[in-house]
């Protein structure tokens, strides 16, 4: 309860709610896309470096390796579950359902970042390698979803003008993979010493930048909801709320099996519960162009993101504490 | 001045490189891509400053070319538009230096 | 290919939503809005990077449509342009898939 | 004199002069609009939060309430005075005069921010609720000016394509109202503790960001002047200089009546003396589209803003000291 | 509606002010400049987000005008295009309020 | 060796390599131009102010004056050398060769900034007036190159639509000249006291911002190379590597003659060795529109910039130590 309230009343969440409210009231205010995109790159560089510096402090053990493998497996598996639920409980066709499933198997970096703040505020610690876990979980879900979508269409014709490598490059070399993994490696190489010189930029202002960024996310989520909710039926909307809980439950199991400490477990659970709204939508436009962005974006950005940020985070931290070895 | 054709393709940003490849393969000598900031299409509405994924952003590809090349591109563009969202229109224009196109 | 009309309205950014409502009410099936960066109009001059209020910014609204819908929009657009700054031009174009417009 | 000089030689004012000079010499350099707009939102978030935190420290008394009411009244009144002067002394028609009057009744946030810096530099303190006063003074002047403009045109026909709510939303939910008031409330809720986590972003770099922003303002003001001064007659140009003084005088009276301490008084006087150049121009394009931006923008951005920043601020601080209760 | 001409000049950003001066000198009553984000021209390729000098950026200058003014501009534009990179095309359009152009 | 390695492993260089690698692997990630341009202005304001504050601490002596004069002379001279090499060893025509030569006579501010970091990391100090030297070296090379290009074309016809002053304004009032010199003067006027108020913005985060900026530079350099290298023959590519060494050698001579201390010498050498990729390309589009950007930009941004950043800097610092009076 205490954590729930302190999460809800953190500047980060409040600025998100401010943006959300303004958009729902149809304010015309915007934060320029170029500025917001610049901030997004800043946030990813920052957590990448911080993760890398953490890793540089101690050798990565077998535990970390096992977590990474389980996380990848989870990202492969979640779209299958999500797809089944969508096909059973909603009117979405195969392509829309597969595209949506890809979003829920993949992750949202901003949710991860907010979880990092909430974990720290709850007095827990998290290992640096979880940034790598985040980057690793982005991609498998996309592959999984494409396999599902194309099942039974073995000889699918290529889209006119498409190019062999473009989808692979979009998926493996998109901004978040490049910047997260790149900054992680750089933090790893330069270690604490390198970090010190850039900490006044990458560490100290981080939370403040996050406030500004979440104001923008609130505006986007609110506008997404306003424009798109009419195109979602009740079953689809419900999916946006319960799917994160299913993913969180599975991830909690993985965390328990791996004996992860509570901070790490909370982050893994959050990653599983979060849904992508930048990298996967872009990949879906290339790979499954007939899937409707108004379905998958409204769901992941308009419903699941706010749900995770406001109600999910305290829940996932509580869950992480439950399943962690130290828990009484 | 000489008659040429101005092909204007309003298309999803993510699909623009595919459209551009088609134009190049058809032998068009050039094209220019302009950003759009918002749009409406029957039911959906989009606006650039409110979608960081840019997955429903549109751009406008303009290519000035001769009839043969434009026609060569049309079939493939039509195939592209069976998968991707977009609107193609072709208008008649006059140009200087016809040798360029 | 089939004949349709390309309506291009260069209009103040603040008034663009009004123009877009008119286009929707006239039954046009879609439009796309492009940003402009500077302009000149007889006496005044504007440039995007130097006016934070954007109160003299212009945008370009492009709508491809059938004659009936374009004509339905024209009267109202003309009324709009009696209050707001803007330039409307309509050109003939050829399109694929005429059913869309 | 000392304050005048130290204001004039502050980095903020010098960077403004740099931009102004570059624009007048027709340099083509620009600061991208997207970047400057991002900085503007940062500045408003920052002063909003700081104001809110101040308020959270002590209960808002009746004094503050009275100041707020007087400030709103002032914002309603100033356009009437401005309009009368414009109609008597210039060639502007009713619509242009009313639109210009709206700008002078409303306020400029950047002038307010610069005043905050000058007040601090002068060793004075200012109460947090003045940020709320600033937000409250944005809107009444617009209403006042619209009433003036439409007097005698009871049955004005609606502009084609216009929508009932759009003007109301533009006026009540524009970026500066949303961000200022939103951040104020957030600062109020989260208090000193919430502020601490974001201070390295919202507090420490504030003055530096302001320098960068004022460089851009200088470029804008200079280009506005270059493009627009030919369209202003001498009477209109004179108005840009004397109207702030009239407003400042009235606000000084209000401050004296309310017994405001000198720091608070200086800010109120500055608000009254300042003229809007972002929110009101946008609202005027919707509400009075026939009014010419080249008149009201050139006047408020090209003449009154530099006047206030360079000469006005020291004067208003001096005036505030004169009318404050403690003044000998 | 009345026949006028829509002159569209795709030109290097750095050379756009030169083109605009030519349009003004030819007596055209206005123009609007749109940004482009990328392009291709036979061998070269450019993209806005990857060249800070913007030295190969293009912009699109649109001017709606009467035949006489457009023709007056053409010779000088042609001279400009002998030095700078650019593509000019002129199309026929219909406008409201012909007195404006 | 030690310096070479520590330069190579600094976060700045690593982020550059990350961007370069991503672009060469054809990642589609971008940093919005508006954001990067904003950062560039920040970097120039920062080094300008820091330089000005340094100058304000002690009077500028004759030494500094002599260095400035030699630097200007060097900037006039280098294009002549560059042009001769290009005409002798490559297929470039007179105009392309002259335009390219202008780039190598002028300077790259980012290389200068990176050199400042490397010099500090090497435990050396550098005088503030070198920022002024950087600004002064931007322009003469352009003049020199235009004279070369137009030799024998006395009655060159003006480009249609061109305006008397536009080239002069572009060259003398471009963003880097305005911001560097302006901030230098502002730092000089406000001194240490003025700097203190803005240091949390202009000093502390500087290195971090530079990382973000160099990530973007890496992307630009990589894409420039990918798009443009096919248009360069072997001789031209070689020029991109050896010309900086020639310039560095000459500058080392100038430094020795002036008896410059090693930190100052290293910066002067770097300035000479660096090639412009923002200001000069823009000026060349106006002055020599027939010169091909694909030649001069690919060379200066795609080859010389990475070369200087990665291999050049340690070399120039070593060279500076060799030629400095204190060197044993």
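Every chain is named by a letter (A, B, C, D, E and F) in the order it is written, and numbering of its residues begins at 1.
The working rule: contacts are C-beta pairs under 8 Å (C-beta built on N, C-alpha and C of every residue); 3 or more make two chains touch, one makes a residue touch a chain.
These figures come from a predicted structure and were not determined experimentally.
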item: Smallest number of contact steps required from chain A to reach chain E; value: 2
item: Shared interface partners, meaning chains that touch chain E and chain F; value: none
item: Remotest chain, chain B as reference, centres from CA atoms; value: D
item: Contact-richer chain pair (by C-beta pairs counted) among A-F and C-E; value: A-F
item: Most distant chain from chain A by Cα centroid; value: E
item: Computed distance of Cα centres, chain E from chain B, in Å; value: 18
item: Chain centre separation (chain D, chain F; CA means) in Å; value: 40
item: Inter-chain centre distance, chain C versus chain F - centres from mean C-alpha coordinates, in Å; value: 45
item: Distance between the centres, which are taken as Cα means, of chain D and chain C, whole angstrom; value: 34
item: Interface hub residues of chain D, defined as touching at least two other chains; value: 30-38, 200, 204-205
item: Multi-chain contact sites of chain B, meaning residues that touch two or more partners; value: 20, 34-35, 77, 91-92
item: Every chain pair meeting the contact rule; value: A-B, A-D, A-F, B-C, B-E, C-D, C-E, D-F, E-F
item: Complex contact set, residues of chain F against chain D; value: 32-35, 37-38, 41-42, 45, 49, 165, 169-170, 173-175, 178-179, 182-183, 186, 189-190, 194, 197-202, 204-205
item: List of chain C residues in touch with chain D within their complex; value: 12, 14-15, 17-22, 25, 43-56, 76-77, 79-80, 83-85
item: Of all residues in chain F, those that touch chain A in their complex; value: 9-11, 14-15, 18, 22, 25-36, 38, 200, 204-209, 211-212, 215
item: Chain C residues touching chain E - in the complex, by the definition given at the top; value: 8, 10, 34-42, 58, 60, 74, 77-78, 81, 87-92
item: List of chain F residues in touch with chain E within their complex; value: 23, 30-33, 36-37, 40, 159-163, 166, 216, 219-220, 223-224, 227, 231, 277-279, 281-282, 284-286, 289-290, 293-294, 297
